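So, here's a batch of structures to check.
Same chain, two partners: chain A is paired with chain B first, then with chain C.
What follows is the complex of A and B.
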């Protein structure tokens, strides 16, 4: 098979989107809105950078606030989505054709959003490279027992591997776009990005090895990444955090979150780019079931947390009770309601394959997991050992702006991705069509 | 559509990949060596002092003891800079009318310090105490160089954290007996420290390299 001649109808229709000269007012409006949010991000990042973390609501005992909540939350999206994509590739599951490309893309964008928070919360963000073991003139290695160095290794590893998985998958499709581009300039840009792909059998063989290797590399990440974040809490002596089951809860709720994000993006792309022929009802059905199942697992872990606390020592029990009945009880309840109950809508097939319920479930689960992280971080710190330190935490406008800003950045990157790159794998779609014909 | 790339494009692209990688390595190497170069630490650059004071004349030729002018060096964190009165002990008799010494007379008359510029300045987050170093047997010369030969006072050591740690990690070979702390160009008869000093510093090493020893 070579180039243009082998481009099957499905792939043609997928390629039409990035190659079309116009994209409509709705896309421009969405990009404009996310642009405004990116502006907010720039302003709030600038304030945090120039004035320092004093512009945030954090103070003893709340040494961590929105910074770590948002970090743990974005990492959840990245981890869940990339793990899901990697498993689909490795199992050669049919669903990969429909969801892999944008799941990998969403994972990469979420890593970028997540990476901002550990850097900006250093206080002296311009010295972030001190967490990297380079031959410094001060002749001291970074403290490898510090969570800051864990963050560095976890995020850089995740960023490298997720981008590898995404880009390796993109190469043959970039070559198709190169061959189908209408202007010389676009053809050249896609041509450079395609790295000289010629659709030769030898290249395909290498490509399969590379793609699957990148996917295998993602697998340990789920354990490393989410557990790293969870251990940052668990390795402290805070009663509500000092818990060996925390990594499990982070991994499980992070997977729910990643799957829900994939479902949300799938529902939106399917409708807006008219990709129903490749992200079909079966795919939405399967995705919905996965979100529902993982939501139930997350719900089980919420229950387990409560029950385990009743079996634990009194201080641990009190910490849990304070999370569920204290001043931040609303967040714990919202977490359970949004992350566990909203996905229950997905029991009905006709709702799974629609637009509204997948979007609701996607937003609900993500909001719920955010509330869970808030409840853990803030609710966990609110009643520490010393009653004289019992305070309350109120996020400032800057912190809220950072959260909204990263959501804007994520949305803008996704919109640009949908505009200029194929959101669904064309070579997999082509492969599926050939299989059907055969 | 015309050919997208010329036949040489692949070669150029591969060369670009190698160049970018090599460039990254080169920048890393450049930063590595620059961070260890003299200009990065302001070595050998005299400050523009209000009076052209010569250590080579006062400490070298005349042999005035360091402590005569830096009088708190044995007791306090700061070694102390000479007041106008200290200068005038001699200069009320010699070079009385010299215009070069006008800032000294002005300072004495107005009772304000002479605005000397610091050549060895540590950042505020580093705690340094001259007294403890002197009493532990660290010589002036070890950090400040052969001041007795300097016409203009300059830094000869980087005073970087790594440089401090070089000694804090293994002080035994670098300290002197008390009577040699203020001498210049001192060479020991026996370069290895006494066994009990070595034993002491083996034990004291962890204290000397604690973060909070210097960052309080």
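What follows is the complex of A and C.
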């Protein structure tokens, strides 16, 4: 094969990763560590289910606590990453070859992590299907004027559409793995997943339209999804939340977060899987610039929130001031610092294309947006209309374990993805190479 | 000729040679061609007459149906079949019904896109005669294939093989049905 490998080396080297029999100790160590975190998730989930939500620090008025912080946070990662991937597909941008596949994958894994929280925060999670309109024995229908039913449709649709975009793009590459697999078992598994893909031009023609249609569907979904999360807060009467600008803030900071996650994963993948030849310096450069720009937009929205509150009625102003100077002011400050200031490191090209700064920015922005959601959800509730209800919220170990556990789940799913599937689109890489040769 | 034929397969090393061969084959009057390439070739697909314009319409219609179904069922369940007075708020609360309506429309459109594509392409179909052709696994990597199907009215095993060989392929082989 070596003599002919020159015709498509990039796609070949991408496929070598999932087909190789061994993957190195670092991968196993990382998987082991995320496995430990998943164990934490299992224990904390078990505690929450068996003992009930009393094991959390939530109490009136903080009825949501970590659950909705984490939910909104994961949805942000998912939305940002899939919005980015969809736009690249539709624009036929060169960057899509390098980042689309794992951006779609990261989005899907983030949706799975996000989906857990609305279910467990129900208190009796095993009855979650009550939100689905089925002919129940009580002859009672779900209450569609409740935001809880929005969550049900939004999350299930988000999971379906994100996996659709990911899977449709993956089908031809699964067929390549089928044809190159070294064992019959691997060939069978990849073959079934590839659905008998034959690489005929007719199939390609429909495939490309289906892929682009899925990408088009992602666009409104993302905007509706993140806005729906924001409306769940905005439709309450809480002074810090009852605000029509909230969806904008969620969408914008969610995009920053998704881009930062893509940057983080890209930096790690190109180093660990030696994918520098497809995820090249230009790609890292562009991604870094995007994170920087969207970080500035997030910063603008933080400022806008403060200024808009000074123009609003006193109760709204009080709520904002309490968020920035009250007992949870640290989170508001950390949000601004991490989500807006850390990406400023990306101004320099040599830092954008390295490993350390993209990783730092990726983690920083995500931590920052998490602090923003904390500040909004907890800091925003701390002083409600009734002074007798002014309390404070402290998360318990179980809640922290749930958060850490989903991070472990996300990492483990990404590691398995990198192990068994091509993290970069092979047919796009092949196409680019043939065009360059021509 | 012993076994019935699926067609004759010519193999090419690059996409330009394939495009030229497809053009020549069509000029010679052959109409039932299958072309295989390791990446989408939009212009060639278009010249072969593959215009999958129907897919976006399937998505749109399914989306419209999903939206109507979701809005209608919300209205019927909450305003007609099980009206519940919550603080005097209107039973037909259309703004509250909209998020789920939009989202379910997208769900239907997405599902219809996938199912429609698979139905049109008749997938999954794990076996196909071309898979048995020697070297065809390189269609997924770096080779380009042109198949003249045996059901083509002009098809003649010997003459078509001579014609294909004249197009300077890497090789020509028979694909049994």
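Going forward, the second predicted complex is superposed on the first by the 431 of 438 C-alpha atoms of A that agree within 3 Å, B and C clash if a C-alpha of one lies under 4 Å from a C-alpha of the other, contacts with A are read in each partner's own complex, and residues count from 1 in each chain.
By definition in this document, a residue touches a chain if its C-beta (ideal position, glycine included) is under 8 Å from a C-beta of that chain, and two chains touch if they have at least 3 such contacts.
Note that this is a predicted model, so its numbers are computed, not measured.
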Which of chain B and chain C A:237 touches, first, second, both or neither: neither
First (chain B), second (chain C), both or neither touched by A:140: both
Touching partner for A:196 - first (chain B), second (chain C), both, neither: both
Which superposed partner A:386 touches (first chain B, second chain C, both, neither): neither
Which superposed partner A:184 touches (first chain B, second chain C, both, neither): first
Chain B versus chain C, judged by how many residues of chain A each one touches: C
Touched partner set for A:431, first chain B, second chain C, both or neither: second
Residues of chain A contacting chain B in one complex and chain C in the other: 139-140, 178, 191-192, 195-196
Complex contact set, residues of chain A against chain C: 4, 7-8, 11-12, 133, 139-145, 149-150, 153-154, 156-157, 160-161, 164, 168, 172, 175-176, 178-180, 191-192, 195-210, 213-214, 217, 220-221, 224-225, 227-228, 231, 427-428, 430-431, 434, 437-438
Complex contacts: residues of chain A adjacent to chain B: 135-140, 178, 184, 187-188, 191-192, 195-196
Complex interface listing, chain B residues touching chain A: 1-2, 4-5, 10, 13, 32, 35-36, 158, 160-162, 165-166
For the chain C and chain A complex, residues of the former touching the latter: 13-16, 34-42, 44-46, 48, 50-53, 55-56, 59, 70, 73-74, 77-78, 81-82, 84, 86, 89, 93, 96-97, 99-100, 102-104, 106-107, 109-111, 113-114, 116-118, 120-121, 123-128, 130-131, 137-142
